[in-house]
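Both complexes below contain subunit A, partnered by subunit B and then by subunit C.
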Partner chain A sequence: MNLITALARFLIFPGLLFAIPAAWFFLWVERKSVALMQGRIGPPFMQPFFDFIKLLGKSTPPRSGVGGLLMKLWPLIAVAAAASAVGLLPVWPSSGGFEGDLILLLALLELPSMCIIAAGFSSRSIFGEIGSAREAALSVSYNVVFLLAIVSIAASQHTFRLEALAQLPASPMHWIGLLAILVCLPAKLHINPFSLPNAEQEIYSGPMTEYAGPELAMWELSHGLEWVAATGLVATLAAPHLTLWWVAAIVFIALSFAVVLLLSAVAAATARLAIDTTVRFYWQCTLIFAVLAISSAIFMRHRS
Partner chain B sequence: MCYSRRRSPWLFHMNGGSCNGCDIELIASLTPRYDAEQLGVRLEGSPRHADILCITGPVTHNAVNAIKTVYGQVCGPKAVVAIGSYPATTNVFIDSRTLDGPLNLHLPVDVFVPGCPPRPDAIIQGVAKAAAILAERAAKKLPANPVVMPLVGPPCNGACCAPTNKETTEVQS
Partner chain C sequence: MTYKIPMGPYHPALEEPYKLDMICEGETVIDAKLHIGFNFRGIEHLAESRNYIQVIALMERVCGICSNIHTLTLCQAMEQLTNQTPPPRAQYIRVVVAELERLHSHVLWAGIAAKLMGFKTMFMTCFEIREKVMDVLQAISGNRVNYSMNRIGGVNRDIDDPLAVLAMIEQLEREMVRTVIPIFTTSTTARSRCAGIGVLTNQRAISCGTVGPTARASGLPQDLRRAAPYAAYSEMEFEVPVQHDGDVRARLLVRALEIMESCKILRQALTKMPSGDINTGDAKIVFSTGTATSRVEAPRGEVMYSVSWKENSRNPSRVHVRTPTFANMPAIRWMVMGARLADTPLIQASIDPCYSCTDR
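Moving on, here comes the complex of A and B:
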């Protein structure tokens, strides 16, 4: 990947120019589908855009010192990381990429939640600190399963290169891994039943409690971009290998959309779990599957 | 920007010593039957995120400082909606020694939604009006000028509605 293609992927497709409208669209799909499932009409199509513009026009409370600077910085880092993660997704059939870009993608996907943890603590609000502590506990729980699932997929295909992973034929390992990733996604995106860090009304808004105006707009945007990146990762791993670029792009978007609908249905159908139940769920129930997946992947690798 | 402000009012709900009737009606306006989310209304957990402060209750001594603090925490441009007859007039508790009401002694109220409690559709109408006022004021930098919403729906079978409306107008005039 040379500099120009890298910039084109980051800025145009599937990077910022595509990802920001896609992020708003996915946020709208989530709210609208939850509303439809609850028998409501739901927000209009442009709602996330209106919210974003309105938040940009609001004032922020004056903040001084390093703490204030950090509070401005965290949402920007989160947006940059999430947008770069989207830019790394191999949507084109021969879009380049490099050895080990899966590891970079995982790191970039993890950065927004690190920023949320840091943001909650640097806001010095008691609710922010509770939310950050919850986010940290949640992140330790689901990341073990998430990373093991991805490593098992990579190990079964003998590569850490995203494009190669997307092109190889699917194995049974692949589907177990994907299932494990899907189980982790609600926690990664902070939606029900794992909406603990930003538990609305319960601890105000968790780490976001003290954020206002443009900073909050950036958090909303980074949340939307996380949706695009996480569902895009699943779509990349699940999509069949296609040579025509426009068919590949359509399949990618359709699969991402299906994942968003699935996650929204789960969010609408469930209530928030307590933090101990969540941690127990990941460490006791799903870890077994992740360990099974990775051990069988290593076993198959030795046999072949 | 003006249009976005009108289409995306985020609420923060504050109880200033209310009997919980208006609070229930405010929540009812978000339920499937009334579905205020069609107008972009979202009930926010933190006053920092909100545009419109919805206050219920007759503003008791204990609540008055909290209300002022929360009003200060809402970032501008902002609007205040007084829900029910209590924040407008203190209603049946008028001249009580435990009250510091009505609300407009302490905050610049933009919209009064009368009723005891008001119907959810009246609350939605009031919030939409407040969002329009907020957008217009932010665009033209106008001073606060309170509006009294008309009663919506059939009157509640009792003496509360008619005098409430009259008292509210009196407070305004």
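Moving on, here comes the complex of A and C:
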């Protein structure tokens, strides 16, 4: 991979230049589709962008000490991690480097949620702390299923490279894994029925309670980028192998869009579950996928 | 480690200002303390400086949801002091407006409960239906919130075409059976958030002196429309829904069933409405000295008015209001003890509190 294509991928598509407008677009699609399902009008097309710009223009009271510094730092790390995760998605065939490395991608996808937990505790607000504790409990529950699903896909195809996975013919394990990832996405993106960490009727906006201005804008952006990265991961795994680059890009965007619509429909049709129900749900999923993953591993050992 | 979480006086889960201080251990609530009085308007004192016509308009503003119930109770008390009996048609119209108000209050509460479960789609559906109930109320009274229907000795406006209203009610009933009632009774998400939480045992319900749907959900079959009928309720046939579990789900079920019973009462009242006058006319009203009390079954439970008057006076010497929330409020502490923090907004809302009425 030469430097220019690598930079183009990271900065243009599917990197930053694509990812940031896509983040706003997906946030808008989610808000608009939920609004239409609820019989409301919903926000105008540019609203997430306007929100971002408006928040950037606000000045926030300075916070002194390490706490204040950390509170500034967490949203930046989250944005950087989520943007890098989007940049790593192998929409086009790559020729080396980190691109499409599943383990790095998973680590980067997990970082924003870690930052949210840390941010809630750094803010020293009681609502932030409860939100962070909930986020931590949620993270421990859904990540087991999430990782198991990805490991089972990778193990069934003998590779940890996303690109190779996308190109190989899909096995049943592949589709089951994809389903498991889809089950985890509402929790990863904090939408209903797993919107516990930011349950406004209970703890205001949880870890984000003390945030305002440019830092909140960064959180919003990182949330949007998480949408792009998470739906992009599903789109990459579900997309058929295509040689024409522009067809591949269109299929990628269309699939991501479909996943956003699906998740919005789930969010609109459900109530928020309590923490113990959520944890129980994900551990039950874990059990099912663990059995499937182990049986697939044994099956493959027999075959090879 | 225990810590205190304040909920309110301004909080996204509350419709009006009040405060619930919760002592928590992890996500479990150990104890709770309720503070009210943020919305005190001195209405009882104001009433002493209003004449018998103005006081009705004033008391209508005690509550924004059950405004009609307050004027109905006040007028019934004043009718005792003036020895007036409203004509039968007025009694029927009072029943129609009271039941429509119950419908709108219960549907509003369903929306709030759905929102507290994080179920915003259901919230929107409920509020859409509530708009339609308010349309019916507007068709009858010309108003959507403060209907100004009651006066001493009857009502202010007639229902000219009861059958047209009946058609609107039947359409409403169909929509409720299609959307709100199934979510209340059969939805799994709603059940997982409501079943077994915020339990108020029968004994505790009695010792706290709870009223209305809160009491009926804890197995106390009390309903003033049945026990001490007022207006034209003695001529209506209806069931008093009672549940025995005492949890939030039971309170949901009681209200869902009450919506159906209200539709039943409305249908009877509109078809059987007698002809005749709607009030006792404009003759001079003379009050006798004394104190009269009146009780009615509001959507949230029993409302009691005690009105004192001195002969030849235009103003009441005392108007005392006891709202159902005042009776139900102490039960909240027992309901939230041991509950999960996530459930407390829903539990405290399950008594359908109206602290603005309680503060007056």
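As a convention for this text, the second predicted complex is superposed on the first by the 278 of 304 C-alpha atoms of A that agree within 3 Å, B and C clash if a C-alpha of one lies under 4 Å from a C-alpha of the other, contacts with A are read in each partner's own complex, and residues count from 1 in each chain.
One rule holds for everything that comes next: a contact is a pair of C-beta atoms (placed from the backbone, for glycine too) under 8 Å apart; a residue touches a chain by one contact, two chains touch by 3 or more.
Keep in mind that what you see is a predicted model, and the values were worked out from it rather than measured.
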Partner chain(s) touched by A:H158 [first = subunit B, second = subunit C, both, neither]: neither
Partner chain in contact with A:L216 - subunit B first, subunit C second, else both or neither: first
Partner chain in contact with A:A271 - subunit B first, subunit C second, else both or neither: second
Touched partner set for A:I53, first subunit B, second subunit C, both or neither: first
Touching partner for A:Q201 - first (subunit B), second (subunit C), both, neither: both
Partner chain(s) touched by A:I130 [first = subunit B, second = subunit C, both, neither]: second
Partner chain(s) touched by A:M37 [first = subunit B, second = subunit C, both, neither]: second
Which superposed partner A:P61 touches (first subunit B, second subunit C, both, neither): first
Overlapping contact positions on subunit A, where the subunit C interface meets the subunit B interface: 38-40, 127, 200-204
Contacting residues of subunit C [partner subunit A, same complex]: 3, 5, 11-13, 27, 114-122, 124-125, 128, 189-190, 192-193, 340-345
Partner subunit A, residues of subunit B touching it in the complex: 1, 3-5, 7-8, 10, 32, 35, 37-38, 40, 43-46, 48-49, 51, 73, 75-77, 138
Sites on subunit A touched by subunit C in the complex: 34, 37-40, 126-127, 130, 133, 192-193, 195-196, 199-204, 268-277
Residues on subunit A engaged by subunit B in the complex (per definition of touch): 31, 35, 38-44, 46-47, 49-51, 53-54, 56-61, 127, 200-205, 208-213, 216
